[in-house]
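In what follows, a structure is listed as structure tokens, so that the remarks can point back to it.
The chains carry the letters A, B, C, D, E and F, assigned in the order they are written, with residues numbered from 1 in each.
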Amino acid sequence: MRPSGRQLDEMRPVSIETEFTKHAEGSCLIKVGETHVLCTASIEDRVPPFIKGSGLGWVTAEYGMLPRATNTRMRREATAGKQGGRTVEIQRLIGRSLRAGVDRVALGERQITVDCDVLQADGGTRCAAITGGWVALRLAVNKLMKAGDVLSDPLVDPVAAISCGIYAGQPVLDLDYPEDSEAGVDGNFIMTGSRQLIEVQMSAEGATYSRDQMNRLLDLAEQGVAQLVEAQKAAAA
Amino acid sequence: MRPSGRQLDEMRPVSIETEFTKHAEGSCLIKVGETHVLCTASIEDRVPPFIKGSGLGWVTAEYGMLPRATNTRMRREATAGKQGGRTVEIQRLIGRSLRAGVDRVALGERQITVDCDVLQADGGTRCAAITGGWVALRLAVNKLMKAGDVLSDPLVDPVAAISCGIYAGQPVLDLDYPEDSEAGVDGNFIMTGSRQLIEVQMSAEGATYSRDQMNRLLDLAEQGVAQLVEAQKAAAA
Amino acid sequence: MRPSGRQLDEMRPVSIETEFTKHAEGSCLIKVGETHVLCTASIEDRVPPFIKGSGLGWVTAEYGMLPRATNTRMRREATAGKQGGRTVEIQRLIGRSLRAGVDRVALGERQITVDCDVLQADGGTRCAAITGGWVALRLAVNKLMKAGDVLSDPLVDPVAAISCGIYAGQPVLDLDYPEDSEAGVDGNFIMTGSRQLIEVQMSAEGATYSRDQMNRLLDLAEQGVAQLVEAQKAAAA
Amino acid sequence: MRPSGRQLDEMRPVSIETEFTKHAEGSCLIKVGETHVLCTASIEDRVPPFIKGSGLGWVTAEYGMLPRATNTRMRREATAGKQGGRTVEIQRLIGRSLRAGVDRVALGERQITVDCDVLQADGGTRCAAITGGWVALRLAVNKLMKAGDVLSDPLVDPVAAISCGIYAGQPVLDLDYPEDSEAGVDGNFIMTGSRQLIEVQMSAEGATYSRDQMNRLLDLAEQGVAQLVEAQKAAAA
Amino acid sequence: MRPSGRQLDEMRPVSIETEFTKHAEGSCLIKVGETHVLCTASIEDRVPPFIKGSGLGWVTAEYGMLPRATNTRMRREATAGKQGGRTVEIQRLIGRSLRAGVDRVALGERQITVDCDVLQADGGTRCAAITGGWVALRLAVNKLMKAGDVLSDPLVDPVAAISCGIYAGQPVLDLDYPEDSEAGVDGNFIMTGSRQLIEVQMSAEGATYSRDQMNRLLDLAEQGVAQLVEAQKAAAA
Amino acid sequence: MRPSGRQLDEMRPVSIETEFTKHAEGSCLIKVGETHVLCTASIEDRVPPFIKGSGLGWVTAEYGMLPRATNTRMRREATAGKQGGRTVEIQRLIGRSLRAGVDRVALGERQITVDCDVLQADGGTRCAAITGGWVALRLAVNKLMKAGDVLSDPLVDPVAAISCGIYAGQPVLDLDYPEDSEAGVDGNFIMTGSRQLIEVQMSAEGATYSRDQMNRLLDLAEQGVAQLVEAQKAAAA
């Protein structure tokens, strides 16, 4: 029934190639099916003004899509002169999600910027960005710990994300682009390794949904996140 | 226990003054406690390029905050040269939420723009904007129907929104600003008059939450939306 | 002869509702007929770089119009990415006019920003903004004096503004929108409570005028300002 | 008493060199003392959307200042990413002033853009721009008439401008920069060749003025404009 | 003597992985040593206004660098609100260079946009972009030819680019970043497969060079381009 | 054969009028045929952040074109909201070229900004800007030396620039606009007074060229630069 032939609760294959680029303190190329996102984590000593002198750290994120990551070429945001609304929304979500898994006292007064750039898109880019972004963050923090710059681990629990939606009347796990563009209801579920919720964004475009349907998607999401956390652990071991 | 002395499941007083401005096809000033939002609905014959010729209508929204709607003066976005990320996120949410209650075929090929401008802020401005925006939309559509420009009612069900969160360890309904700035977990719940869900956005900043907690907030939200829909009906009767 | 049926030298009814919003140090909603402007005055300790350390204060103004303050919806300036030429011109005028009534030594090294946002427009918005802006400023300065932050009153004389023009060949006081859009010559006259001039801006679009005509408009303006100053005093008493 | 040693009613020497650049349909370099403005008039067949099909013509203006036209280098507006408020205000004034002397029916459905670029500034640049801009316009219109594209002269009367102010307590004609930066009251007076008024902008910064003082400045301005119109006629003969 | 231990006339290893992303009509990841550039070619039916109806095709290019492609994180251009001067310069060079190898009549009235995004930088990114960009272009054109949309091959000759410079007093081929940042003179040489010149950009920063030195760098460049053209042919065979 | 009737190796007449504006520390109006560029050099005590405290000086340049410097009016860059790619490219080239002739130690920690504004364009504006820019720089540095602010001359050798190209199959010196717009190959050659090369930019649009052709253009360029350096010396003597 699904365009890809997958089972309703079947995720796309996930792979995470670490150290994909050499300059960043942490980096990986995450592939969730045909969605490929390059994630890098950059450590900087400066922090945003609002936490200067607080002793607390900060994790922030930026998101971008290469112009031809998509089926038809999109205008480059640098040429358009600003990031689009969708981009801004996504990068705020990634930053908020990753911060939920960070002990900012343990991190100390420094900032880590996680850049997530989509090389190829096939649905679920923001979820892949969060999942891969956490791996890049993990690798960068490992360097801080190895160097003794950080004493106790500031990453308290992995953070991973998956989308689920109602496609052709059925709840399905991990929407790809053909499903995403048809689904009347879809949600992004961000959770910790211990399945605590960090963020739920579930929206309908020209439709509505019941609490019952919401719960079924949450069940699927828990299942998907479990798999993603396994992949994260394997990659960043 | 709440700074305002309200019960955990007690909303702030809601008032909706319709026809607050004279030019718009529909307008109201909604007050949810000390949060005051001016909502106007403007009917235009032109539609966005992507639906030209489709026969379908469109509802979109824009959101703004006067510089001194808040406790300390914020920079005017027109001076800053762009809308901030938070603004963009909110206005996309308002548009998406209102569209979920619209039969776009019945509306016909026209656009209604709902402008929500916060005159005074005390938490929950996006929810007030959705709730009041629907009233402005209702009034504008009434004019279309009265003029015979639209034959069957394109507004299938009211749309209202409320925030809930976990404050001082307790689930509370309708966060005001002092609560909002302290709550580790808060959510915005957008529903129809028949309590179907349109959008759930529930996020934690530096914290996580369980499914159980999520369900308790949903219970509160249903209760709040019921009250809001009453107020909407009274105002737009 | 006037579309509104007013006498040539008859102003529209003026009302000023103070403390319209709660956060600003001073605020009012001024209504000059169907023109409604929300004015707030915000006190800040920082001053512009060019007076830092001078001991002098500064008063500045910003002006905006809600998108549907007008008969047809205008594009939001924050979306357009910049303030239009008309907006910039008006807010510079408001700031300059208000400063003319301020003893900057007595004010001390602080800045007061007067925001004037048009909720509903029917001609004469810049004049209403100046007149209402002065009331907001007065209220804010009252707080400074009450708190003992300012010892002698920095507001030496009220500042008020009115437009006059030549409509259908006749000099008329207080142009409303239907008159303003037809008038070949119109002027904005900003004066103090003691009828000293602060600024005269009198322009013709596709026409010219004589010194005699100019003098007749000045006579009308003096009359109008007298009434406005009464209203200001009553409101800010 | 004046820094330049001029009499109170003495203008700076005025020279107008026509055809200063070769591409524009009309051009001149106007020098009012040490204020030098290059003015060009460009004829285009396209008109702004709001008059398309009306048969009416349009005259508009743009204004700029080279970065080192002034005593200390100013930031280039193209680098800053926008025209400043002062620039916008001035170019709107120039356009409005020139249009007041144009018979838009006679001009026919075409646009003439007058660019005024200050090569060297010493006070009074906007007035020099209007006076020189009219000469460039005159020369461009001459070409239209010579070519038979326009049958009756659309320039009904010359347009010229001069500043006057109260300097050291005395009304003075044609403020140069040292006077302009000290004057508490100054005005720009735009008139036709027959001394009808087009625009009066008279403002006080941190001061006020009486109607009597205003009248004295108007007297001086009439005198100055008479001289300027002579220079215009000599140049564009 | 070179930091990398390479001979003076020794290039870095070159690899070109085609079809690196699936959506673009042509794509490759080119690696010149540690410089990695993702190149995609997108075919569009619309052409720029200035060639509409001419029957001629157009090839253009855009260039970007991921924020952490470099040793320290650079600000994202989409966030900064515009492309920097260096970016603009480079993408104009890439487009101009590729067009020199295109028969625009044979291409027909369509546009191909070549996007070059640097995933990892180690000097010579613009040259790698041109060399890899040509491969992406070749692959896209192959599709047009296979589909019969283009009858004779519009790519008349391969286009490749290499940098050379004077490092530590010696002419060296293919500067890497450590060399590039030290070299007083460096040049970019763009040539065709038959060693005709397309563009030479040779500049000194705080230094000068003789014609003799220029000729020696040209000799090296010819050698390097020969190798690159081999790699291009192997990849796009 | 050349549209202007010039010999293949004949330059246009060159004139340099110094002190064209009074505020800049150095200024000139350079005319190369019908190309007229106003160059000013402004000395500032502040330097860019990256050399603060280094004791080294900096020379930078900005370039602009008046809207009607060209045959048809171009949009003003300040109105467009940014400098175009061509402008950015040119001003970077001017700055780099002038710096090549500067001893930055001798200059001391100060910045000189050279503004080059094209009043009238007829091809070769960037070369005229460099040649005239050096004269303005020379004059400004003379003032520094006269004032004893700089002890040894920081200008080690004049810097001048000329364009050459292949027009109608022939190598020609100093392209004017009609030639420039037809030439398939053209180059800009920046050299010192002692004929050392600073920058060569030679590009083909839709064509290629041989090393032999390149050498012939270099020969012509050396000849042209010799003449320009004479003119510079005469002007700034």
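Just so it is clear, a residue touches a chain if its C-beta (ideal position, glycine included) is under 8 Å from a C-beta of that chain, and two chains touch if they have at least 3 such contacts.
Each chain and its UniProt protein: A, B, C, D, E, F = Ribonuclease PH.
For clarity, every value in this text was computed on a predicted model and none was experimentally measured.
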Problem set entry | Each chain counted as touching subunit A and subunit C at once | B
Problem set entry | Shared interface partners, meaning chains that touch subunit C and subunit E | none
Exercise. Among the chains, which has its CA centre at the largest distance from subunit E's?
Worked result: C
Problem set entry | Distance-maximising chain from subunit D - centres being C-alpha averages | A
Problem set entry | Whole-Å gap between the CA centroids of subunit A and subunit E | 33
Exercise. At what distance in angstrom does the C-alpha mean of subunit D lie from that of subunit A?
Worked result: 59
Exercise. What is the distance in Å between the mean C-alpha positions of subunit C and subunit F?
Worked result: 50
For this session: At least two other chains touched by the same residue of subunit C: list those residues.
Result: 81-82
Exercise. Reading around the ring from subunit E and passing subunit F first, what chain order results?
Worked result: E, F, D, C, B, A
Seminar exercise, completed: subunit F contacts subunit E in the complex at 82, 85, 88-89, 91-92, 96, 99-100, 102, 104, 187, 192, 196-211, 214, 218
Problem set entry | Residue ranges of subunit F touching subunit D (in the complex, touch as defined) | 20-24, 27, 34, 36, 38, 40, 42, 44, 62, 64, 66-71, 73, 76-83, 87, 113, 115, 117, 119-121
